[in-house]
Amino acid sequence: MEDKINIAVIGVGYWGPNLVRNFSKLDNVKVYSVCDVNEDRLNLVKKDYPGVKTTTDFSEVLNDPEVSAVALALPVRLHYDFAKRALLAKKHVLIEKPMTSSAIEAGDLVKIAREQSRILMVDHTFAYYGPVKRIKEIIDSGELGKIYYFDSQRINLGLIRTDVNVIWDLASHDISIMDLLIKDNPVSVSATGTSHIGSKKEELAHLMVNYDNGLVAHVHVSWLSPVKLRQIFIGGEEKMVYFDDIHPSEKIKIYDKNVKMDPSKETPFDPIYRSGEIRIPTYNMKEALLAECEHFVNCIINNEKPLTDGENGERVVKILEACDRSLKEKGKEISLT
Amino acid sequence: MEDKINIAVIGVGYWGPNLVRNFSKLDNVKVYSVCDVNEDRLNLVKKDYPGVKTTTDFSEVLNDPEVSAVALALPVRLHYDFAKRALLAKKHVLIEKPMTSSAIEAGDLVKIAREQSRILMVDHTFAYYGPVKRIKEIIDSGELGKIYYFDSQRINLGLIRTDVNVIWDLASHDISIMDLLIKDNPVSVSATGTSHIGSKKEELAHLMVNYDNGLVAHVHVSWLSPVKLRQIFIGGEEKMVYFDDIHPSEKIKIYDKNVKMDPSKETPFDPIYRSGEIRIPTYNMKEALLAECEHFVNCIINNEKPLTDGENGERVVKILEACDRSLKEKGKEISLT
Amino acid sequence: MEDKINIAVIGVGYWGPNLVRNFSKLDNVKVYSVCDVNEDRLNLVKKDYPGVKTTTDFSEVLNDPEVSAVALALPVRLHYDFAKRALLAKKHVLIEKPMTSSAIEAGDLVKIAREQSRILMVDHTFAYYGPVKRIKEIIDSGELGKIYYFDSQRINLGLIRTDVNVIWDLASHDISIMDLLIKDNPVSVSATGTSHIGSKKEELAHLMVNYDNGLVAHVHVSWLSPVKLRQIFIGGEEKMVYFDDIHPSEKIKIYDKNVKMDPSKETPFDPIYRSGEIRIPTYNMKEALLAECEHFVNCIINNEKPLTDGENGERVVKILEACDRSLKEKGKEISLT
Amino acid sequence: MEDKINIAVIGVGYWGPNLVRNFSKLDNVKVYSVCDVNEDRLNLVKKDYPGVKTTTDFSEVLNDPEVSAVALALPVRLHYDFAKRALLAKKHVLIEKPMTSSAIEAGDLVKIAREQSRILMVDHTFAYYGPVKRIKEIIDSGELGKIYYFDSQRINLGLIRTDVNVIWDLASHDISIMDLLIKDNPVSVSATGTSHIGSKKEELAHLMVNYDNGLVAHVHVSWLSPVKLRQIFIGGEEKMVYFDDIHPSEKIKIYDKNVKMDPSKETPFDPIYRSGEIRIPTYNMKEALLAECEHFVNCIINNEKPLTDGENGERVVKILEACDRSLKEKGKEISLT
């Protein structure tokens, strides 16, 4: 009888230990083993979780029939190969974001997961974050009306990565949030960015995503800002939302503000400005990563499609790839279709 | 004996009365007359300033030998014609920003002013604003090191104009500030924007200006934001500056923060982050428009080149024109050379 | 036929010119004359308002039958004498706050005004201020429940006065706001304060007002603070209000927060915390002083009791007097009954 | 050979586990055992720290010669008895704040610790907190000049305690910070407070401490505030400091602001206001409790007087006791000498 789902966490450098910690909190899960090439990292986990097996050999994990699922916290370039091997070994897979280095790889994993009837989920944590879920409810209720724009700033000082540029590192969060919140279809992308410090990767960038219904999304990401900002404006025909993730308690503001044409007299243009009340709604404060781990496990148990499934991850990677192409052509608009 | 310089203010709708009010405060200036096609507007001025002549006929102003200078507060499309006539009538000219509808017109005015030996100045008010002048001193002192980026947000709800788009209306401020602060040369521009409300002009836009030394400037302007932001980040190799014009008293912050490569070991990339003290410097609180009016008058008296002379206005219009071209080509990079 | 009410403004130093400016905006009022011992001040007014009579002789104003009302903007110690003479000369009277130097004087003016059937109004401007009126509506609606506390901070650097201490200067605003908002009766006062700079008057102080229903009000006033704060917390059984008068646009927050005993189990004490939505309501943005001037004139025309009548002014002075007594006895509780 | 100091943590309810966690991080310490009457609490600790002994019997801890020191995280009323027994059993003692229920008890513990030559330290965590230590350096440098006032707000919603009132719970932090920062001697105290919810203990309070050199300290504490504030203003003759402990990164501001009498002309009073630069200094970000645990251990090893020794704890309790007396007499000033 399978009482608990056994999970193996692959890669316990920066992000992996967070997965170990959160999976350990769940009743119906056992963190069965962890795998890393670095034995020091394995020993650190062992110290806090004496009951967890450790190994430097990924094959050992794949061959162990006790392991039902693997969570991959590895450099992006390794995602495809490790995920593919895991799926073929009949393991369910959770992959750290971004899902893969290319959309082709992502599409291939989606196909394999379908063939193997395994759950494939991407670690887009914000989809499981109380404030973001609350904003989704607000948008889905229709109270904002038609969405005009999405504008995000995700900037701070460091940590500069050298395996991917700042768009793959930071804007991937925004692109997955956009995928969740915006029902329109993205049709083109343009991106500009620069590298000043010598990392060879863009350290600050601006990207624009155009949607089929007129909506425009702009994302500003930077590792070179003196202050940390995590804020998103969403402007609608009827109301507007501001999300300030740095604020300790008042993260969302709904502005009952808009500007409209006076329909009674279209010529000359005579806009009407409305400025009503502002509301700061409540939201669930549960840790997003814990909610995500729970969701992964429930999808396995109930054989359900995850909120951030492989297709979602593939759509995000597709936009990231288009950004890289636009960056090379100095901001040229790249079609997504 | 000419005790006082007689000035005529042309156009007393929204901005003109501010010019009347500020020129009236100066000892060596007399607001001699105001001119507008709308007699109601003239009467409003007359009520507050009984000694000022009023007229609906611009020729009358030009033909009056008592008038030494005119200040034009008119729709942009009229700037060129009115300024040209005034210069040819040997009047000194102050033009509201943006200077003209095209760079060719601007260049023509510069040439005429030179031929007529008259002062030609553009009303780029921020150049005379205490906090901006303070930031210029900081940059000129070299303490920021090489400038990496300039990033501005100038957004709020309304007032939507129909004669020009949001870039000509709002970003013209940033472009003139950039002209003042940045010593490098702009080489290309790209801009994207959209119109949602039906004004036919872009109501929100993002523009990028690339400089010859690697510096990138990004400006976000919008008439559709729920909140009013007026903020600029300037990131340098050594320090960074934040300018928040909404703050009532602490408008400038100098961050002693940066990230650099460790020169001793270039491989692998190993950045060093420094996070020192923040300083909030003092600055002159004098009203910018008053300082500007004083400067105009002093340039006339001393026959000196204004800080925001015609060439400065022309450079700004050149970038604005390039933005319009890029907007039409969906963000394509437009060369400025 | 009395087309317009003729008003004389007595004292045109710091505050008087504001009265001149605002009364001048009203259609049914004429600023008929201004009176001051300082001729330079009179000339400054004359320059901006050539049609206004000027005089250094208060008797002249009192004897002029054209003058219906006087507005007194004088040092506090002169309020009683000037107001009394004006009332006896059958003029309506508006007195700058605080109304008088003592409650006895205030009571005497109330009596004289009644006998002379003249309007007597005190310049407690906050009673006519949009945000304060909005907070009054919120409290009157009952949504806060029983009020537990009122807590105000009114602190900044300067301007240090030498005629009155910081309580008479700044806390008089809070005491008049409390008089407007709180329906309970104040029963005792205690105040502590100190003088550090050498003005001989308290430059910072804390005062507590106890009400008959358990409500406590605390007011912190200071001329020695590095930052300017103008904020009031009002805590109720059901909801709480925060008023931040420094914020340019979001001055009021209504917190749907409280803590209550669980009524089902009184022992042991087991409080229930509720933390719901926050609302930022709209409010009228009209200048308070203009609304106040209008109100004074309407009360004259319609022979109605002003919102901030003499009795209101007397209640405020009574508390200020009690504060002075408590200050002398190092914070001893002084009964108001 | 004693490699590591063995510590026992007594009481593992709310605060005790934090002590276990931090002592466990130190190399020269072993959390040897934990003691609590509640076996569930003991098991929770056991789960995370399998190597730690657990017991419900305090005597067992006292009789174990392996235990060098005890850390007491118990209700205040038990502090005296447990600490006394531990000292008499020759254990070093760390007591959670406030030290005891009365100054007499505190004095007695100080005496016993001296007789037994044991370290007695009170858990006044803020003394080990980077920002507070930085403010101490600023004050000690003399750059603020003579200190005029100390003004603290420590307010939020909950957690309401029933064993002590809000002054003993929250203001004890401020009083220990004042003990650390202010070199003058406190001479009297007055306090007012109210209970609205039915906890029988004051839930909001204001207290004033007067010092022998004219300095006044005011502390506002509340469990009934809609927002969480943790801020202290310290005003000096030369400069002023603001400490905002809620701000994630800019906790300290030094204002180069003051107001002084013009020494050249004392009559009339003519103050000079100075408003210079503001500085936001850096500070150590290390967790305060870890620094405190380290300090306790170092004091044991080197037989040194702790920064927050028993005398410090006794001085704080003396002021807390005086507050209770003043509360009962409705704010009457209570002498400390």
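Some points to look at:
Think of it as A, B, C and D in the order they're written, each chain with its own count starting at 1.
By definition in this document, a contact is a pair of C-beta atoms (placed from the backbone, for glycine too) under 8 Å apart; a residue touches a chain by one contact, two chains touch by 3 or more.
Worth saying up front: this structure is predicted, and the values here are computed from it rather than measured.
Comparing the contact residues of chain C and chain D by number shows a mostly shared set, over half of all numbers used being common to the two copies.
Averaging Cα atoms per chain gives one point for each, and the point farthest from that of chain D is the centre of B.
Centre-to-centre spacing of chain A and chain D amounts to 42 Å, using the average Cα coordinate of each chain.
Separating the centre of chain C from that of chain D, both taken as means of CA atoms, is a distance of 40 Å.
Annotation: 54 Å between the Cα-based centres of chain B and chain D.
Multi-chain contact residues, meaning those touching two or more other chains, occur in chain A at positions 253, 275.
Chain A meets chain D in the complex at residues 50, 228, 246, 248-249. The residues of chain B lying in touch with chain A in their complex are 148-149, 151, 157-158, 160, 162, 188, 190, 192, 194, 196-200, 204, 206, 208, 214, 216, 218, 220, 222-227, 233, 235, 237, 240, 242, 253, 255, 257, 259-261, 266, 268-269, 271, 273, 275, 330-333. Only residues 250, 253, 275-282 of chain D touch chain B when the two sit together in their complex.
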